[in-house]
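Order of writing sets the chain letters: A, B, C and D. Residues in each chain are counted from 1.
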Amino acid sequence: MTFPAPLTGVVPPVCTPLTAEGEVDVPSLLRLVEHLVEGEVHGLFVLGSTSEAAYLTDRQRRQVVEAVVGHVGGQLPVLAGAIDMATARVLDHVEAVTGAGAQAVVVTAPFYARAAHPAEIARHYRRIAKHSPVPVVAYDIPVSVPTRLPASLVLELAAEGVLAGLKDSSGDLAGFREVVTGARKDPATAAFSVLTGSEVIMDAALAVGADGAVPGFANVDPHGYVRLYRLARAGDWEGARAEQDRLCALFGMTRAGDPARMGPGSSALGAFKTALHLRGIIACPATADPQIPLSLEETARVRSFLTAAGLL
Amino acid sequence: MTFPAPLTGVVPPVCTPLTAEGEVDVPSLLRLVEHLVEGEVHGLFVLGSTSEAAYLTDRQRRQVVEAVVGHVGGQLPVLAGAIDMATARVLDHVEAVTGAGAQAVVVTAPFYARAAHPAEIARHYRRIAKHSPVPVVAYDIPVSVPTRLPASLVLELAAEGVLAGLKDSSGDLAGFREVVTGARKDPATAAFSVLTGSEVIMDAALAVGADGAVPGFANVDPHGYVRLYRLARAGDWEGARAEQDRLCALFGMTRAGDPARMGPGSSALGAFKTALHLRGIIACPATADPQIPLSLEETARVRSFLTAAGLL
Amino acid sequence: MTFPAPLTGVVPPVCTPLTAEGEVDVPSLLRLVEHLVEGEVHGLFVLGSTSEAAYLTDRQRRQVVEAVVGHVGGQLPVLAGAIDMATARVLDHVEAVTGAGAQAVVVTAPFYARAAHPAEIARHYRRIAKHSPVPVVAYDIPVSVPTRLPASLVLELAAEGVLAGLKDSSGDLAGFREVVTGARKDPATAAFSVLTGSEVIMDAALAVGADGAVPGFANVDPHGYVRLYRLARAGDWEGARAEQDRLCALFGMTRAGDPARMGPGSSALGAFKTALHLRGIIACPATADPQIPLSLEETARVRSFLTAAGLL
Amino acid sequence: MTFPAPLTGVVPPVCTPLTAEGEVDVPSLLRLVEHLVEGEVHGLFVLGSTSEAAYLTDRQRRQVVEAVVGHVGGQLPVLAGAIDMATARVLDHVEAVTGAGAQAVVVTAPFYARAAHPAEIARHYRRIAKHSPVPVVAYDIPVSVPTRLPASLVLELAAEGVLAGLKDSSGDLAGFREVVTGARKDPATAAFSVLTGSEVIMDAALAVGADGAVPGFANVDPHGYVRLYRLARAGDWEGARAEQDRLCALFGMTRAGDPARMGPGSSALGAFKTALHLRGIIACPATADPQIPLSLEETARVRSFLTAAGLL
């Protein structure tokens, strides 16, 4: 299949189910993919932040792409993260994931590396795009990469054909709108895809003109996010808002973990995987080291959110 | 040779000379190592930030460790960075660099990964130490890894035997002193090595009790840093301060790059490599992508610093 | 008049026109107030950030409140900032502005003062509310006060009757939504007013349930913001979005100032006042020291935005 | 007396004792001043951060300056903070404190106000110096004012005669050294005074060339800080380090407050005042609202530090 230009719709970043020993649980991963496909999502994004890409070894990353592409390749567009510190390392991942069949790569600004000047970021993306056999989507996720991607730079690289899209997980709707509006004005960026990474303001992002969304929480409730997307596309903004409010309440489960015991990442990913486990989709709720697992009490909190939402 | 406990002295993070094509220039690397050995440094740290570890592929990282260990193994302690986002990925690097002969590994807190809670950092280091065949040195470098390592946590992990040392590149002398003082008080941490990563307050770090230093700028002037170390060890604090002031003035070269064209990282690493090139030690001043190369005018600035210091 | 509970609609933070000598230009201030009243705004907020409260002396602050209350008191609700570092200083401002007739006070978390713990913020607001003769509105403006106001704390203080509303200038729509949703669920907070301070995502804030907005840029185009508010209230979300997009384009004038010469604050406030001057509303575009004035070229940029929008 | 140029020695920022009702306790304040004079300090800094200037009303600030100047005026140099958000407000404080007899004013970069561009900071200090009847000392305290003062800007304003000194509370010894070294090189800045605000690396600051120190903790143990200063001036660096290490251990009392109950500011200032109370110097350990008071258990922790140090 051809990669859609622009990519639209709900494209969940797919969780990576693990065994208790920390290995990729491929059968669970494929059940999760089935669950998402059954929810009628519009594409899949593997090896993103929600996929715990930062925690997976190169071998595990390859395993994930191969398994998912092997299962749904041709049926749905599959994007893969090529998450690493700087250009050469990213290019190695680009080679690996496209070799395994990914149809687009998702790439952040350099991190750890001190290369945050706009000229350095531009050089990074230009070089990656030059060597990538597939479209490159920029990834703005300040919680992980402190360097923000300025709207003007994104639009410049989009117009050059370096970037095919943006996944914006910044929560900064004003900056997001600037990219959407800028891209819409220029015929050179007509096929540029502007995607929000937010789970809780997806309705607002669609209202300002987003092409779609990459909501991590869609692992747990893909049907809800697809419903929200369709309501927005149909112009039923009140309906979209009501669905979003429902999902926001459910999203409260991401605070299940006690902040005295763990950081917000352990809590959120722990809640996602615990919910998938409780719903019978994955075999084990384990998150990767050094994240802290949810306790029994914290697991019960996740369960009560699911029960209240009728998802158990 | 046995790895020293505690490690002391001047342990430069070794620059990684590159060809114009971005490949590791092994002959230049070995000439640089010779230059450092001739400067009588006390150890070598490869694959650190100054080594552009974030920019090197896994293949290039292996090449560097093998070349350096092959050249000076047994003569000088060689530490290697195992710089990656989270536990499992770090462990892969630990395996690679120790397989190539590194005698200690240098490891940061998780980055990109959202695992900044003290319990998560502790779990990270404990798991790495459990699986590492060699001592683990913690690396606090806020310019690259926003998560700071609290003094109390470092001391706790030191007392447990999880950490063999700390390389502190934070510039925060008050926090550094807390670790030094804490380590000195407890027999369980008698062999714990507290190293400063600063090039410009090394005299002060030694005065508060540092065991040694890992100054990136020692690539350019190893003799100066060794002289400074010896003066401090001899209790000649006025002499140490004068040598440090001389090195600080020379360090001004790291601002050779125009901030309108590049970030401070491109400027500093560009200056280091340009200086090594001008001094005839490495064949090419190239830094890794996406860093911006110094212009002719910026190169001339570096040259004038070297000339003023009598290093050309 | 009774202060509305909840306060709704468009409540511009009123610019403070200055003479070339830096004194409050009262006739210009009253013309600006007339301009806003004529634009059918729903209230006025004096001594906010857009009013340059941080730059005005206590004498000038009093002058502003007295002039505005004297002119429109009884006709429109007038809120006043009581912007200072900690509790006792804020209370002095509360006394001054309510003495001059302000009907509500707008108060940030402590700043400069190191009192950012939730317990310290709560103590601050509780003490202020206890001593204030008028309702207290919390002000979350991270660009000026790094301490964020957590949604849970705002809701707790709202339920206690300590806070009558929130002006959120954070740009963080997800956090904003959490306050809106939380306030809506609890009868104790039925009259709590949730206001956005954003000029560029006001449509989205209204869509998620905001009671109103406090957009600084409404000084320049109050009619636009009131139109946007009415479209949203009528449920015409496409119309609201189109108006917002128009205002966003016009808002581009806030980048008129050259970033090599000045910071974003000088540029934005300079553009606001220059536009008001060009539109004939205020006598002089001066901003307070130490802000940098716009050059002729930068002024021309502002003019071209106004011309394009038909506002000249 | 003439204000010393450069100012040297130990210049404590004087705590402001309060009554239980939050008013300035002048008799306690004067006893504290006596305690400091008896400790042979070289000057006094009132209305700084340690003095809780951010928490005091204008009336209380005046009370403090008048009381202290009235008590020691002519005997010791008295500097006063003119801490406020931007230029005009600062100038009002300059007038108030110099009217009450302060011999120098201490001024930060603008805060709350968005004026962080070097050109804006320069304009701020130039205007203040032009209107101040006494020397102006710049104050770099990132924990309160996020805008840092770049070394190059400080040196430029020093050479112009705008600034008479710098109080650096950043903890960044590398930047501090840059100012010291720069000031020493230029005859135009021979009388420029570079002072550290750190309590725990004062020995290191003196070793790199500081003229003196403004340590808040000298309220509690002025004799120790004066001893440290004299040892350093005598070139007895080992002795200075030992005294500093002793003071660092004692400084541990600033963590007496439980971080679950309060922020680090409440804990540190609470410990300072509790220690002064336990030592019989001030009548009441109250800190200003909204800081959280120490509990009995936390007070006992402070007491045990004092006991261990033989200060009770």
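What we mean here is this: a contact is a pair of C-beta atoms (placed from the backbone, for glycine too) under 8 Å apart; a residue touches a chain by one contact, two chains touch by 3 or more.
For reference, the UniProt names are A, B, C, D = Dihydrodipicolinate synthase family protein.
It should be emphasised that the depicted structure is a prediction, and the values quoted were computed from it without experimental measurement.
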| item | value |
| --- | --- |
| Chain at maximum distance from chain C, centres defined as averaged CA atoms | B |
| Inter-centroid spacing, chain D versus chain B (mean Cα positions, whole Å) | 35 |
| Centre-to-centre distance between chain D and chain A (centres being mean Cα positions), rounded to whole Å | 49 |
| Residues of chain D whose C-beta touches two or more other chains | none |
| Interchain pairs in contact, sorted by label | A-B, A-C, B-D, C-D |
| Residue ranges of chain D in contact with chain B within the complex | 171-174, 177-178, 181, 198, 200-201, 203-204, 207-208, 235, 237-238, 241, 245, 248-249 |
| Contact set on chain D toward chain C in their complex | 22, 49, 52, 54-58, 60, 83, 85-89, 92, 110-117, 119-124, 127, 143-146, 261-266, 288-292 |
